[in-house]
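These are the structures in question, set out in turn.
Consider the two complexes below, in which chain A is the common component and chain B and chain C are the respective partners.
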Partner chain A sequence: MGVTCVSQMPVAEGKSVQQTVELLTRKLELLGAEKQGTFCVDCETYHTAASTMGSQGQAGKLMYVMHNSEYPLSCFALFENGPCLIADANFDVLMVKLKGFFQNAKANKIETRGTRYQYCDFLVKVGTVTMGPSARGISVEVEYGPCVVASDCWNLLLEFLQSFLGSHNPGAPAVFGNRHDGVYGPADTMAQYMELFNKIRKQQQVVD
Partner chain B sequence: MADVLSVGVNLEAFAQAIGAIQALRSSVSRVFDCLKDGMQNKETLEGREKAFIAHFQDHLHSVNRDLNELERLSNLVGKPSENHPLHNSGLLSLDPVQDKTPLYSQLLQAYKWSNKLQYHAGLASGLLNQQSLKRSANQMGVSAKRRPKAQPTTLVLPPQYVDDVISRIDRMFPEMSIHLSRPNGTSAMLLVTLGKVLKVIVVMRSLFIDRTIVKGYNENVYTEDGKLDIWSKSNYQVFQKVTDHATTALLHYQLPQMPDVVVRSFMTWLRSYIKLFQAPCQRCGKFLQDGLPPTWRDFRTLEAFHDTCRQ
Partner chain C sequence: MEAPPVTMMPVTGGTINMMEYLLQGSVLDHSLESLIHRLRGLCDNMEPETFLDHEMVFLLKGQQASPFVLRARRSMDKTGAPWHLRYLGQPEMGDKNRHALVRNCVDIATSENLTDFLMEMGFRMDHEFVAKGHLFRKGIMKIMVYKIFRILMPGNTDSTEALSLSYLVELSVVAPAGQDMVSDDMRNFAEQLKPLVHLEKIDPKRLM
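After this line comes the complex of A and B, so read on.
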């Protein structure tokens, strides 16, 4: 896998989420990108159970369990700003067994679904972020396959993003700064999605 | 309208000319009839000769007259096909049954096609003559069969010497690591890893580089049985392009007398790809063109260009 940048695309003024997604995909198709099926990234939130919290005297930490259709056999478990665990897909079953320690906050389940596009060595995924029944925002993921060091190709990625995002200018993802020369991995992508989902959840709370 | 008119005039002249030809033929056959019949029965020999000559003269005169008439008419008919670009074949366009025999349109297409072909072949040969491949040019026309004889020293170098040259180059560039192996006899294969950007498989024959394949840093360079995979190409378009350019570089860096200098220049050139994703094009100033970063590196200045931005 190469370096990936996940960003949130603001909904165009006077347009619905669906219309903005269509606008984006049309731009991509005009650019010459080819449709390559669909993708899905989902995220479930787990609270540390009250019984364990008391004994250890910790503040309630949230754990996120995520799946990515790009890695269908894997499951990702992340803490905010913390480590990322990559496990086999039946990690979900284990989480059910750990009910006593981690409780699933079902209402917080959030996911993004959309179309996958290939343009040259770029992989672009434009998705609609949904929480429950309604659409909450738009996620844009761009992966540049040939490069493995994030800081090497950020300028190149930015130029590509600007070619179809128009005026919206995404900043460099925080994970790019973390490991300056390290090899980029799937966990970094999942961390970006986690941040994006958290941002969208907070926006939602403000609106409510 | 003009065409139709001129054709009409011609047709009339044609009819007259055909009549004239018939007249000419009959008068000529009369000459031969007269010759065949010979002298007629007359009382005196002199009378016979005179009568025969008079007849013969008459007939020849009429041949002459008919011939003149035909010549006059043939001038009237003119040569309609001459000003047509396709000469006589242009007359095919007069064929009224276009649907059954579309010869004329096919002919026109074939003509256009062959014209274009000739033009393009001319251009291509001009270009190719300018850019002859230096590898063969340096060998001064020695035929492929005689090549090993012409340069025995450079092709039969001891493996130890090759190892030395490679390890010296390896030490020269800290960001580049070279792993040498000899899976098939004496020919060396190099796996060059350039930073965290790309990997290059170099197949050598003595100190000559025979083949290079460029792949991504995260791509597999081994086959299933653990050997270097020298046949499959990279999955990424950018590295396929760089492979093409590296092959071009092999042809550019040629110095049959000093093969170690060639390898060193090639590696120096290759090292400039350490900034493959970081360097914008020196001409257009952009990173991407048709989805590809600047994949070309100038052979002398090592500056980055898009494939279409270089001269």
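After this line comes the complex of A and C, so read on.
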């Protein structure tokens, strides 16, 4: 586990999501990146059920339950700007038990799937973000393996990202500034995906 | 969390409906040694294992009559061990053919920010205690002999006081739903512990 940057790649002008993904992956292959199977990150949204809201005084907080194929036995539960719990995969079973208190907003299920590439010390995942049946955007994840301190390798990550993202320039992820000890962990990657998914959900609302 | 070898995969997990079969009893402090001796002889030949755990019981109140209860447990003597989150369903006494109490259970290992996360979900701590004792195994059966300590100052596990002059003895098996024959093995094992301890199917409703 190293330091990871997750960003949204805008769809190339005059191209579809699928065509833009193909352009990106072709570029990676030309660079010499090696294909290493596929990956998937998914996210389910839970509403605090109306029954608990009044008594607890929390107005409709959203909870996200996510999975990442990089950590197949784990489940990540997050609140926006809140803690991220890393748990066994059967945390999902608990959410079923909690359905009287937390309701799964099934229509909000969002995921990204794509190919996993290895290029020297970098792990690159280019995914198509889908919500329901349609493609909504593109996610690009780059992990730099040998380092766990985000501030020490952000410039290197950025330089590598620019080598295949072209003119698109992702900013430093907000989570890089959150760590007290400066050590990056899997929960930070999930927080970045959560932000990206939220951004894409909102964009979709504008278009529709 | 990386995938462990298949043989180390937890038995609980996935979407399988797991049940805990339970028999309970107690011994006075002065009988502890002889019970431990007996258990060492009967159980799997493993290094004697002791534990010192801090358990917090959390409630989530809604408009439903009964609150949702979750138990968060952490080891106080093994640093770095994951936290343990446990859901226990309503206990079923069943009929005479089933020799143990049965309740639905979900066991989840989590990261150490579990209490913060439960608070964020709207749970509030109801009570807490420290459990200190010995753990034995015999096949899939688990035998716990432990003493419960009251915590004198909330949150401070350094000042505790024994709740009684006895040790609680629990024999439990976690198995998929419907495998009632495990309760036969449990009864046979409990027979072998007589007269040191009488393990029984105790209806918690009777104690209220």
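As a convention for this text, the second predicted complex is superposed on the first by the 206 of 208 C-alpha atoms of A that agree within 3 Å, B and C clash if a C-alpha of one lies under 4 Å from a C-alpha of the other, contacts with A are read in each partner's own complex, and residues count from 1 in each chain.
One rule holds in what follows: a residue touches a chain if its C-beta (ideal position, glycine included) is under 8 Å from a C-beta of that chain, and two chains touch if they have at least 3 such contacts.
The model shown is predicted, which means the values in this text are computed figures rather than measured ones.
**Student:** Name the contact category of A:V183: first (chain B only), second (chain C only), both, or neither.
**Tutor:** After superposing on A, A:V183 lies in contact with chain B but is clear of chain C.
**Student:** Between chain B and chain C, whom does A:F79 touch in the aligned arrangement: first, second, both, or neither?
**Tutor:** second
**Student:** Could you figure out whether chain B or chain C reaches more residues of chain A?
**Tutor:** Touching more residues of chain A than the other partner does is C.
**Student:** Regarding the shared-chain residue A:A135, is it in contact with chain B (first), chain C (second), both, or neither?
**Tutor:** In the superposition, A:A135 contacts neither chain B nor chain C.
**Student:** Please work out whether A:C153 is in contact with chain B alone, chain C alone, both, or neither, and reply first, second, both or neither.
**Tutor:** First partner only, chain B.
**Student:** Where does A:M63 make contact in the superposed view: on chain B (first), on chain C (second), on both, or on neither?
**Tutor:** second
**Student:** Would you mind writing out the residues of chain A in touch with chain C in their complex?
**Tutor:** Listed in rising order, the residues of chain A that touch chain C are 48-49, 51-52, 54-56, 58, 61, 63, 71-74, 77, 79, 82-94, 97-98, 100-102, 187.
**Student:** Contact residues on chain A for chain B in the complex?
**Tutor:** 1-2, 32, 119-122, 144-149, 152-153, 155-156, 159-160, 163, 181, 183
**Student:** For chain B, which residues count as touching chain A in their complex?
**Tutor:** Result: residues 196-197, 216-218, 235-239, 277-278, 280, 286-288, 290-293 of chain B touch chain A.
**Student:** Okay, in this complex, where on chain C does chain A touch?
**Tutor:** Of all residues in chain C, those touching chain A are 1-4, 9-10, 12-15, 60-64, 68, 85, 87, 89, 106-111, 113-114, 116-117, 120-122.
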